[in-house]
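Look for subunit A in each of the two complexes below; its partner is subunit B in the first and subunit C in the second.
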Partner chain A sequence: MKRSVFINGIGAVTTQGVWRQEIFSEAQVLDHAITSANQPAYKGVISPVAIRRMSSGIKMGIYAARQALEEAVMSMPDAIVTGTGLGCSEDSDKFLRSLWENDEQFLTPTSFIQSTHNTVAAQIALQLQCKGYNVTYVNGAISFESALLDTLLLLQSGEAKNVLLGGVDEIAQQTYAFLQAGGYIKAADTCETVKTSASPGVNYAEGAHFFSIGRDKTASSYAQVVDVALKNELEVPETASFLQGFLATNDLPSSAIDAVILGYNGDKQDDLFYAAIQHMLPSAVPLYYKHLSGQFDSCSAFGLMVAAFVLKQQTVPPILHWNEKNPSKTTWKNILIYSQYKGKDHSLVFVSAC
Partner chain B sequence: MNGGVAVTGMGIISSVGDTVEENLQAILAGKNGLSRIANFPTRLQEHIWVGEIKRSNEELSDTIGLSLPHSFTRTTLLGAYAARQALEVAHMEDVNDLRTGLISSTSVGGMDYTERYGPTYLTSPEWHRYISAHPAGDSSHKIAHYLGIKGMVTTVSTACSSAANAIMTGARLIRSGRLDRVIVGGTDALSKFTINGFHSLMILSDALCKPFDKHRKGLNLGEGAAYLVLESEDAAKQQGKNVLAYLTGYGNANDAFHQTASSENGEGAFLAMQKALATAQLTSQNIDYVNAHGTATPNNDLSEGRAMQRIFKDNMPLFSSTKPFTGHTLAAAGAIEAVYSILALQQGIVPPNLHFDTPMEELDLIPQTALQHQSLSHVLSNSFGFGGNCSSLIFSKA
Partner chain C sequence: MTALKEELKRQIIDVLNLEDITPADIQDEEALFGEGLGLDSIDALELIVLMDKVYGIKLSDPKKGRDIFQSVQTMATYISENRTK
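Right after this comes the complex of A and B.
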């Protein structure tokens, strides 16, 4: 059943703008508590009426999905699988506020209709008229990796030949204010980066990342996804057996890993997990990305984008290096991505050059 | 027919009962669980009927033995309650002796607490522990932790088809060899958010719902949770497990028609049923009973009815919607109805479609209105949701 699958197209709307060759070389390190995505003009992609009605998550998702499919020259995927931690919270917030403000009266259904977690995948299916398999996973930091695992299942079992895989999370004013009050997001007036982080909380953001993934290698292929593993909770020392088990399953000696992409986000407790994995892979070059993407549940999809870029271009943009360890490497073959959030939702993704 | 995935445990809590046995007795007696909302105040109280579980959060918390304070929302409490039963039935003393996962589903997650305490979050830290209980995934984490599962835990949210998809994902994980055993299902609590949402869409009935009836006026919402334990046939055999039923077929398709409405010809539903039959390697003639989605909205029942007629043509098997018993339990519905489908196979019964009176004009379709005793081999269960998400499952007699 083991069989690699290929990343044949990428699309994204991020704090660093949309997906493009120069996204990393032009990237700016985030230093605000909350950074909005640098949204493209949606004119021509989405109808003017819909642009006004849709939340940023739906718009970002539709744009990124279209970019990924265009790059892969794929007009109709067999399945659409997405991951989102908080779903369409802009619309949830809106409906909840009117519920409170009007005491359950004068409610209109539009925001309720758009508040379900599967709205983005549904809207993409509607636009493409894609009647295939369609599922949305919502499980914190492994929302995207759950969708990636499902994508692997679909392609490896032969249920699908091409899958549109995506992760989307949007900033919603009220939801983010609550996360800020709860100490998850840094205070509004802080100006710290992942590296200079001293205050509690993390810099949050939003984004949509889509990938056209296929059973077959094509002219546009970036890399192959070999395997993914998920674990609900671990203590820092238990990361060792999680990592060793994954490497053993994939017959991958740790010395063969060229780079490890880590989710360092500036939270001291969170970063202990990444430091532990980094320590266990001394020959792998450590890379990081949340200083560019910001934190949100599906932000690890940005990490997959990094892996795909490095493996295709065979070069690492300097801004992605976690430390000064000077890599003498000239070829990049195997990359591991590790992600978790607050000791929960651990994932390992093994990506390889094709 | 293929071998299928073994169902070795099931647990349920709904407005008609706190256990599988109580749910069975309600079906046998034709006793519905619909009432006026009592657990929280709402303007809609006298306007709608709901399948509400008449147990407070405190009672539920006590029953499952939680120590206070905790941040289990009602969705999570119901889920933990039902999942624990499923583990007991499956005799899972050590949850981690095999590669065990949990694939849960929910649509409201912790919204019931956010809508209650949200207005205080910015001014007082008193209820801050519920902030992290809001996301859907939090309920699955707490249920897994409560059950002691360390492994693959994730959550599906595809509106009203969520639990069917969680069951399907679990089965596919077992078939792929990635898991030996997986607890699958869904949980949703009633909340002001959902009742007002459906009310604003004008699809709630002010009377008891009448699926597939000409005069149907909409749905009744409900709350509940149900979970199945799925194991590979080999794992079940090796442990000498009692198999309750086999999950032999599953299909998922998108209607790609409208964000909330179903297409005229029920294309998504048709495709989901067709795929489920294909995975089960069965033909439509092999299906003895269909547990329909049957929400009793004018749109769903017509669309589902058309899809069923396209699949079964002139050989429509017995069918009924059990939503008049429980109300529409949203993300839990697919799991609650999976339990009812398995009970139908085990007991040799077709649950009645309560309150049906007059056939729809558009279709030649009459649901089973009285409890029928009959041996069944294969039962098909439908779950459809907003976003065009359509899923069908096929359970076969053990």
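Right after this comes the complex of A and C.
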């Protein structure tokens, strides 16, 4: 039997501000092509000497990690595992621009040093003086789930007792301009939400989400993460066997799923996958979150935050409902999170009440 | 020389992203490293790149850096004597 692992603390810097009890009740639906995170004040959290070299992703990551650890009353995790699609792309932008503009001369060290994908996890380790296992997964839209899988393996095998798990992606002007030119991001003057989306592309954003996850349940525990499954590429009809296999592995009849958290983002092709999973779970209440988080590679961590909140509070904030199905439901035990992007990087995460 | 020192202060603030510091806050003779402005070894590398990029000065002997980067005054003196741009 698998060992249970518990979400004991959450921290986040998002377009909706930092993680707090009222984050969903105060949330605003995103309707811009690119929305920056609502940044907190970092003075007092990060030393002035260190902060001047940090891009927004590093600052968001350090803040969110600290919040998650504080909530879990955890001063030193055994491991730090993060996921990011584009890493510290702001510094990568700077470094590559400098290469280009200066004809490959005069390369400044700071942006090069901090442009690597594992910078956030490394900076958190430096701040904490944590010398434990430190790994960053860079697997596109499944980066966070890859980090989550490693976290589960570390905890369930007994190799670690407490793990700091996170997902971080930041807006970088040039990188996002390329994504916009490629049609991934909606045109700059577009004003559409996930539900009113009519033009190509989706609304992009940025954010950092961290979770203090441990083998022991505590007074602050939100939920238990039971299992995660990853699949690189699927056609829409193949989602059925992916879902059925996952449910069978976990001895779960589909009727036992109270809610399914879907990554609807307003892209017609993407949303076909979510509609297919929703159709296969007729008794589950469909919830969505990308209208609040925006799209970025590690945004599914926002989905895990939603699941943890619902399972702890035993209530679903109205803004998370995809439709009017079962709005009066009062008991939430089992939640499934399904994510994918452009038909690739599929994941299923099973989260259960403590 | 005064204009060069002011220009240097602005460049140092910009390149090193010294938040909340203005050129007026940096004294000409104030130590850049250690007790003064508190710069570190990564900042030293940034200053070496700045000297090369803006003033055409290549510092090949690291030992010289210790004297050149003592203060804005020592930097300005060295730049005015050795600049190629």
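Assume the second predicted complex is superposed on the first by the 350 of 354 C-alpha atoms of A that agree within 3 Å, B and C clash if a C-alpha of one lies under 4 Å from a C-alpha of the other, contacts with A are read in each partner's own complex, and residues count from 1 in each chain.
The rule we apply is simple: a residue touches a chain if its C-beta (ideal position, glycine included) is under 8 Å from a C-beta of that chain, and two chains touch if they have at least 3 such contacts.
Just so we're clear, the structure is a prediction, and the values are computed from it rather than from any experiment.
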{"item": "Simultaneous placement of subunit C and subunit B on subunit A, clash or fit", "value": "fit"}
{"item": "Touching partner for A:D103 - first (subunit B), second (subunit C), both, neither", "value": "first"}
{"item": "Touched partner set for A:G132, first subunit B, second subunit C, both or neither", "value": "first"}
{"item": "Which of subunit B and subunit C A:R53 touches, first, second, both or neither", "value": "second"}
{"item": "Which of subunit B and subunit C A:I335 touches, first, second, both or neither", "value": "neither"}
{"item": "Touched partner set for A:H117, first subunit B, second subunit C, both or neither", "value": "first"}
{"item": "Subunit A residues touched by each partner, larger count belonging to subunit B or subunit C", "value": "B"}
{"item": "Nearest-approach distance, in Å, of subunit C Cα atoms to those of subunit B in the combined model", "value": "8"}
{"item": "Subunit B and subunit C footprints on subunit A, overlapping residues", "value": "105, 107-109, 113"}
{"item": "Touch list for subunit B against partner subunit A, complex", "value": "42-44, 102, 107, 109, 111, 114-115, 118-119, 121-122, 125, 128, 131-132, 134-138, 140-141, 144-145, 149-159, 165, 169, 172-173, 175-178, 192-193, 196-197, 199-202, 252-260, 267-268, 271, 385-389"}
{"item": "In the complex with subunit A, residue positions of subunit C that touch it", "value": "15-20, 38, 40, 42, 45-46, 49, 52-53"}
{"item": "Residues of subunit A that touch subunit C when the two form their complex", "value": "48-49, 51-53, 102, 105-110, 113"}
{"item": "Residue ranges of subunit A touching subunit B (in the complex, touch as defined)", "value": "1, 80, 85-87, 92, 95-96, 99-100, 103-105, 107-109, 112-119, 121-123, 125-126, 128-140, 142-143, 146, 150, 153, 156-157, 174-175, 177-179, 181-182, 184, 230-233, 297, 344-345"}
